[in-house]
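To keep things simple, chains are lettered A, B and C as they appear, and every chain counts its residues starting from 1.
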Amino acid sequence: APVFAQSNVQIYGVADAYMRYGQLMGDDLMSVHDGGIAGSRLGFRGEEDLGNGLKAVFLLEEGYDISTGKSAYMSGTDSAANSGSDVFTRQAYVGLKGSFGQVSLGRQYAPGYFADPYDAFMGGTVGPMADLTTFGGLTIQPASLARWNNSVAYNGTFQSVSIAAIYSAGNKETEMAGSSGYDASDDDKYGVSLKYDNGPLKLGAIYQGVKFKSRFSGGSYIDSPADRDETQQDWLIGAAYNFGVATVMGLYQKGSDVFGRSDLDVDFWQLGAVVPVGPGNIRLAYGQEKIDTPSGPDYKPKSFTLGYTQDLSKRTAVYVGYHYTDYDDMPWGTALGYGFVAGANGHSTTTPENMDSTSFAYVGMIHRF
Amino acid sequence: APVFAQSNVQIYGVADAYMRYGQLMGDDLMSVHDGGIAGSRLGFRGEEDLGNGLKAVFLLEEGYDISTGKSAYMSGTDSAANSGSDVFTRQAYVGLKGSFGQVSLGRQYAPGYFADPYDAFMGGTVGPMADLTTFGGLTIQPASLARWNNSVAYNGTFQSVSIAAIYSAGNKETEMAGSSGYDASDDDKYGVSLKYDNGPLKLGAIYQGVKFKSRFSGGSYIDSPADRDETQQDWLIGAAYNFGVATVMGLYQKGSDVFGRSDLDVDFWQLGAVVPVGPGNIRLAYGQEKIDTPSGPDYKPKSFTLGYTQDLSKRTAVYVGYHYTDYDDMPWGTALGYGFVAGANGHSTTTPENMDSTSFAYVGMIHRF
Amino acid sequence: APVFAQSNVQIYGVADAYMRYGQLMGDDLMSVHDGGIAGSRLGFRGEEDLGNGLKAVFLLEEGYDISTGKSAYMSGTDSAANSGSDVFTRQAYVGLKGSFGQVSLGRQYAPGYFADPYDAFMGGTVGPMADLTTFGGLTIQPASLARWNNSVAYNGTFQSVSIAAIYSAGNKETEMAGSSGYDASDDDKYGVSLKYDNGPLKLGAIYQGVKFKSRFSGGSYIDSPADRDETQQDWLIGAAYNFGVATVMGLYQKGSDVFGRSDLDVDFWQLGAVVPVGPGNIRLAYGQEKIDTPSGPDYKPKSFTLGYTQDLSKRTAVYVGYHYTDYDDMPWGTALGYGFVAGANGHSTTTPENMDSTSFAYVGMIHRF
């Protein structure tokens, strides 16, 4: 039988599953869930030496939900706005790499994905940051809103400093004139970050802008004056310091005109610590969000997670913990109206029913391959 | 060029295609079909030695239809009830393995999938068992209804005895209170099996329960008293004995409140034999089902398959045969009403049109890699 | 840690992305696009020596759009007419190979896919051929319409001559009697090709037939006399000759009863050249189509591309160029009515708005792995 050389492609991935028991926005919860520490993925990557320090690189990364076997980690808009089934939901790019850094084309991470050094839960779904940045619609987040289609990205690391920049043409390739001559379909995005990582200290600053010139709804872009929206602008600063007995980290971020809605402003801060204890680490984070709606009151959701992670090897770990989020009694109708939740899930959006808290204990394992 | 070590992931799979000619429920049939012996799949798996006899394991298995290149082998409900595209339609799990057995989390096989030792066609789609257990809605079957999301599974083998147990939280993670306070969304599932395999003799017993507390329809769970259904309960006993000149096998199984419909009871039995002849095997099986509808007559579909399989190597085989199923003149309206067929396929469900038989000759090949 | 041998499966693929700037049918265009030279794909293939010169072969090939991470390269009809998500959108087959050639079953290329030797852009999406054969609905094309489900294929090469033949049962497995007794669902396809390739000369002839006995629309096959359509018949002749200083190539093709519409005839011719210049190649092609509509005027879209390709290695190349297509002022309503465009994309199909030209500059890279 012929033996094929496997020199060009590396297969890698994550399988991360956990069980959680408790309450999800007031409903009894008991399930297997994906990605307590890192979202499950299967990836294919390679690089080729082209000489003179130049390399060709490619990466294809499929996110999946281990609890269902379905694809995951592509935003609803990215999925609906393009034809085909969801495959390389996390990343797909090809590029050139050298001493100058890397330039690549495809579906790629915005800089906002990489705020994980300032989060004690490294962007995992059990932490406050993953929970509340998604709830608040912030594009600087460790989840789907920070993966951008049709993008050109630059990444460079020079000693302790790394720079990232990205421009995405959005999901709409053409910029059509609407019936009134207005350009009704521009959904470009752009982002930059500057990070410092040296010894015990990590610092970072990130900025992202996302245009919403026409709203994407029901599978198409709407060309009406009422849906000619604003540009969401997000920024974040974060820091982490390893004191030896513990690493302490924190971040502050702010989003203006969230979802392109004029005057819908959201900010979020989080403090956390990772404390080595015996063979594992205790992890703790507390985060608080302020949602400033154009009309109506402000809401201040808050969330904390206390967890313990123990490595069984360099590639495998088990983890347990407790997560709590209080949505500050936001009415279901408000949450659905602004798009903070995808569905009312059986709750009334007309009678004044408020969102109950989420609280669950979890236990799981992650295996990297 | 860098050479990546491929030490962590094994790629494996099946490519199985056959042509069939004949009649499908009365319509002229001529097509390429998937999985005459085993459903086509592409899998990625690995294990890591953690020391002290403990191993981390993962497995990701994508089922595909080789005749169309599309995903296959995920039930319609599993596909519709969860977001994303169908990817690892067969299995996706991560777990720990040791002398105690294996505990794993994810989308996994229920014990009912593994009744293949008692089926002369090893669960292949050309055999009576695969045909009539799917038609009758039995969850103990070699097909999609025996793959469960959100599950915790235990599998252990101790000398000649193997034990399997699974609990699935179903597709609905939360258990919502309905408008009347009734829990309207519980779709939990559970199953156990005990098997004996020693020398010429194989024995097995399987039990599964599937809750239907609210019907899933049109993409959501319905909260109305009329759709508060029962728990489908299935059990099976099977046996196989290798007499040398032939292996003879049989099974009996019964499902109560099938699809959660009160008093819809289905039973099925099958007898078969595998006879080594020259370089190949003759395979023969006959199965008969009884569908006991709550109102209206009983139906007794029956099916047989006569086939011949010849190995070209340990990994590759060719096969031919003839399959016949008689649906006992069940009206199309009855079959569609109870969910035994997914669509009427152009046949009338209002005028009294009965289902004609399925009969086809087939020829195909399977390649394992 | 256990090391798995990877002897049975070869992973291969293409990652090809380019940026384009200009106009697409009149709209401002600025985006990342897939497959300037070859459509992005990830494939798994293998072969097993069965002795006596016989081999088992399999191939699974997933097409993806690198700009979105979604699946690509399955026709809309193939996707809608079959259940499941799009996975192995390009090819999925298993077969036997020997001195006689190769016989295989699955989703496979029709011979019309392999007209690339006669196209200076090798079937890449930036060339005139890929653009206008797709626009004109010709099934002899380097794109989705030349990938056929439910097919049996033969391919054989004998010295300088290669022969290909395929029969596809289409997407509809059964051939149902319609309400009037007419067979309303036959969508079979068949194709043959004969090619000669020796030294500087390449010649080829291709024929394909695609039945449209009932129209597939909105997810199902329509059984009405008005939708009982014709068989689309396509043929092509092509040639290429390498003069050393340049390779010159050309093709002529014709389709009758395109999309099964009686008297909708389309022909297309293209001339091109590849000229080695320094470390790269200049590529040039001009193509012209004639669309002869049953009622109404003829349209003659024309297209040219001028490009430059430079290899950075055997596996990696960069490319730049300029593409132009003039749709001969076809009204949007006509283009949509005949199915030449998938959507009006915001343009009026009722007021007499004509299609503006497409013109863009592009720059990209391809990496094969």
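Simple rule for what comes next: a contact is a pair of C-beta atoms (placed from the backbone, for glycine too) under 8 Å apart; a residue touches a chain by one contact, two chains touch by 3 or more.
None of these values were measured; they are calculated from a predicted model.
Asker: Check the residue numbers that chain B and chain C use where they touch, and answer same if over half are used by both copies, otherwise different.
Answerer: Different-residue interface.
Asker: How many degrees of rotation map chain A onto its copy chain B on CA atoms, rounded to the nearest 5?
Answerer: When the C-alpha atoms are superposed, chain A turns by 120 degrees onto chain B.
Asker: Between chain B and chain C, what's the gap in Å when you average each chain's C-alpha atoms?
Answerer: Roughly 37 Å, centre to centre.
Asker: Chain A: which residues touch two or more other chains?
Answerer: In chain A, 6, 8-9, 11, 46, 48, 71, 74, 85-87, 89 touch at least two other chains.
Asker: Under the touch definition given earlier, write down the residues of chain B that touch chain C in their complex.
Answerer: 6-13, 15-19, 24, 27-33, 40, 42, 46-49, 62, 64-72, 74, 76, 85-87, 89, 312-313, 315-316, 345-346, 364-367, 369
Asker: What residues of chain B sit close enough to touch chain A in their complex?
Answerer: 1-4, 6, 8-9, 11, 44, 46, 48, 50, 54, 56-58, 60, 71, 74, 78-79, 82-96, 105-107, 147, 149-152, 169, 171, 173-178, 183-185, 223
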